[in-house]
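In order of appearance the chains are A, B, C and D, and numbering begins at 1 in each one.
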Amino acid sequence: MTEVCGEKTVLLEVRDLHVSYGAIKALTGVSLKVCEGEIVCVIGSNGAGKSTLMNAIMAMVRREKGEVILSGKPLEAKSFRVVQQGVSLSPEGRKVFAPLSVLENLRMGAFSRGADKGVEEDLEWVFSLFPRLKERIDQYAGTLSGGEQQMLAIGRALMARPRVLLLDEPSLGLAPIIIKDIFRELRRINNEGVTILLVEQNARQALLLSHRGYVLQTGQIVQEGPSADLLANADIKAAYLGGGHGAGKTTKALS
Amino acid sequence: MSGYTEGIIILLCINAIAAMGVSLLTGFTGIFSLGHAAYMALGAYTTAILTIQHGVHWFPAILCGGIVAVVVAYLIGVPTLRLLGDYYAIASIGLGEAIRLILENWQSVTRGARGYPGIDPYTTLPVAAGIFIVLAIGMFNLINSRFGRACKACRDDYIASSLLGFNTARIRVVSLMISAFYCGVAGALLGGFLSFIQPVMFDMLKSTELTAVVVFGGLGSMSGALLGTAVITLVTELFRPISQYRMLIYGAVLVIVMVIRPEGIMGNRELLSWIKAPFRRKA
Amino acid sequence: MGTLLQQIINGLSLGSVYALIAVGYSLVYSILLFSNFAHGGFLVIGGYICYGILKTFGTNIWLAGGLSLAGAGIAAVLTERLAYRPIRERTNVTLYLLIASMGMSIVIENIFVIVAGGRFRALPPVIPTAPINFFGFATTSAFDLLSLVSAVVFLGALQLFLLKTRWGLAIRAAAYDLRTAGLMGVNVNRLISIVFFVAGALAAVGGIFLSVRYTLYPQLGAITIKAFVAAVIGGLGSLPGAVVGSLILGLAEMLTAGFISSQMRDLVVFSMLVITLLVKPTGLFGKSVSEKV
Amino acid sequence: MTAFFELSNVTKNFGGVQAVSSMSFSIAKGELTGLMGPNGAGKTTIFNLISGVYDPDEGSILFKGEDLVPLKTYQVTSRGIARTFQNLRLFQRSTVLENVMTSAQYHIHYTFAEGMTHLGRWRRKEKEIHEKSMDLLSRVGLADRAEQAAGTLPYGHQRRLEIARALALDPELLLLDEPAAGMNAEEVGSLNVLIRDIHRDFNLTTLVIEHHMDLVMEICPHIICMNFGAKIAEGTPDEIQNHPEVLRAYLGEEEVE
């Protein structure tokens, strides 16, 4: 665990993160590292705490204990500061601003950059990644299809020019063919130098895309390693498909 | 007992009856109303008109006052209580003001804005205290019964409660009707206590005062509503020499309670939790 | 015919003042989803600042008006910071905000009762009220036209702000989803302060015109109830709804006063509220919101 | 011969997105059926359509021969259907016991006047409600937590409390929406046992939405799998496990090694 990044530098580090909602403990001591230029995925079933992890990094929920560090500097406890520090999130369920146009949604993504001249360039960059968005530039976001909304949500998060892009379930509710498109674009985005941390239920897709992976189960990391290893490891399927109970049976069925 | 003390106790009883009504609606059913003074007005005017113009004895007249308030609450409640949250709060202001305007403009019956004088002083201490005790017992029993639990269920989660088989719309209306009855009776007693009523006594400020007391005492606590009434009525008496500060204090109480302790003095607990369910002690 | 035209102009003028108040109220509602009952207080603060400055420093309406707008805006921001923010940060129960705003409304009103006294005060005659003749058809007052024009100017400015600026965009986004707007790097607390400032300043404009129309007194804020009604008729949280609802209400009031009886106008207002709530509870432009199960 | 419960050709759109499309299935009396599928497949929407939160755009939902579509939510309950919620909907401010009593009173009546005066049947019936609730709480293992505020229970316990609250309605058809979400392996194990036991002991017909594939496989002899609002497979656990569509839905579209 000591040197996951080897030669590369650690860009984002989560250290012993705890989060509770009232009496409900959602995260109990999550630690992980994301290296410069990497795609890291966190997989786990419904209710494992994946979205809570994303929201805690973004300071949308209170980090009860532990910290999140970006290039040696702790991320602040206010969401707008986190975005300014260089982390942005494409949230679960996309959450595009339905009554705003595609262009306005993208401009909202660049809000933290103020009057930065690079915004116009980045708009073109996002349109080059997702040409469908350019075709629908003046359309209300609410009228887009699910896949287009997901593209918009990712594009919007990219408009903040983040050092780390967080993605919360980009495959949620999308048809396989669209998921494939989106994951292909994610690889391209990564190739252009954006470090990505994504949480996914669609474990196979996420592991195929990422370099390294973590398995989250009821608020704790239970396994980690290079994605290829995780993918080959039969227990993983059981871990994210279920609580591990009766794992042998399921694993057999799926192998 | 001096007349002054007696007056304060009567006033306490009247305010407490109205506060219990509002507490059931706001604290237990989760409906925020800003028009409950109108139900007091209906009770007060009905009783005054019945006793003076029709020679009815004060006791049935007070009951009628309560019943008129219930009927109006029903007519108003059925259509408007479908609305949730702020919509109902605004509707209740509108309805409250409309009732007050009708009382002001219906000269032939209500004698208009100048008020209705000459009401029998039927609200003596035994009458006020007796009615208060009966209504208080009824209210405490009610919140510890099926209906009380149904109200709280609607307040906490109306979707879940409708899926647990509660007709939430009906529970909201019935809760409004009961609270209107309590306010109607309180209004009737107020008329008998002051011997004079006037539409302006039942304006939005009065409604706010009722809510302030309940919020201060604790939303979801009936004994809190009584405690709130006691504290606020007595403080008001203390501040009588500087009465222009009275409303300022009401307002400040609302804000401060919401900021510091939104659950009020009592939270949603009762002062004497054994009132809740006598047989539960052995459990 | 002449009377009708005249009442229509008066109605639109009154409606446009309601619109200034209703739009600010609706704007706050769209972001925080609670009815800010203290909104009427901002109007009164604006009115008294204007009155005070006109009385003390002579009759420069531009200075008095500007300071009045700024003062009411700042008062609104302070109200939010002191009373609402601590509640917002602790809970998402909007009922608590509603009750606190009721309290703030009473506090503001009674501060003026104590400090300025309950007297009715007339603003010095800085706004012309001379009658103006309309091609011989009707006469209306310069004041009515002026309040109509001012409302159009201020609402137009608001519209430009919302459509053309970065913060305006953020406000529109936040009106749809405040949480997600926060994810975009918007300082949500600052955004809310801006919204309250704008709402307070617009209320002050309404307050100045209302104090000319009805004189100034601490309970003048009670008139916001009509703006609330207008906002509900138009659809809570919708800005075009607030404007349309206000104009309808202003017209209804003036036509009732002109052709039926002046005592009936408030009753008409409240019956319109009831009818709207019965027929289309979400108002003319409102969206129905359903909770996720 | 009509089925005990039958969904036929049910379709529901939300603003152009088809959440459920032409879904049909039936459940025999006494069956323990699993409804599985990835997140966003439309499982919870099915529950909301059955319980009357939404009305379907097309199709019918028959329970013991009666169409549930025109009924309001509280009327659906009165026909003998109870459910739990994916995002817990307990009465947070009430105690654990009060939560169950709130639904246990559904079949134990006394009049409003008796409630107000605490005379007549009040004492006896309240006691009945109380005892029934305590029994159910012991059943789900929460009896010692009865006086605690529901919102302060740990996650797994809150899910069990929801089950007790639904059982207190004496349903014939019980709908469980992701009862194991957020539970750890150990809790899931004992939940399995609980679901199977109550299904048997209360003579229930049960429909369980579950994301945990192994939980469904272990307890449900009959499984329906859906994705994108439509049924993709139905059958026994063995059939489901080997169904290519199911594996694709769960593990991504490529062939499974």
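FYI, a residue touches a chain if its C-beta (ideal position, glycine included) is under 8 Å from a C-beta of that chain, and two chains touch if they have at least 3 such contacts.
Computed from a predicted structure; not experimentally measured.
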Chain whose Cα centroid lies at the greatest distance from that of subunit D: C
B-D compared against B-C, more contacting pairs: B-C
Distance between chain centroids, defined by C-alpha means - subunit B, subunit D (Å): 40
Centre-to-centre distance between subunit D and subunit A (centres being mean Cα positions), rounded to whole Å: 31
Computed distance of Cα centres, subunit D from subunit C, in Å: 48
Residues within subunit C bordering two or more other chains: 293
Junction residues of subunit B, two or more chains touched: 159
Multi-chain contact sites of subunit A, meaning residues that touch two or more partners: none
Touching residues (chain side subunit A, partner subunit D) in the complex: 22-25, 45-49, 142-143, 146, 169, 172-177, 179-180, 201-205, 208, 217-218, 237-238, 241-247, 249-250, 253-255
Subunit D - residues contacting subunit A, complex: 15-17, 38-41, 151-155, 158, 178, 180-185, 187-189, 192, 211-215, 217-218, 228, 241-242, 247-248, 250-254, 256-257
Sites on subunit C touched by subunit A in the complex: 166, 169-170, 172-173, 176-177, 179-188
List of subunit C residues in touch with subunit B within their complex: 29, 33-35, 83, 86-87, 90-91, 93-100, 102-111, 113-114, 222, 225, 228-229, 232, 236, 263-264, 266-267, 269-271, 273-274, 277-278, 281, 291, 293
Touching residues on subunit B, where the partner in the complex is subunit C: 30, 32, 34, 79-80, 82-83, 85-87, 89-91, 93-95, 97-98, 101-102, 105, 159, 204-205, 208, 211-212, 215, 244-245, 247-248, 250-256, 258-259, 262
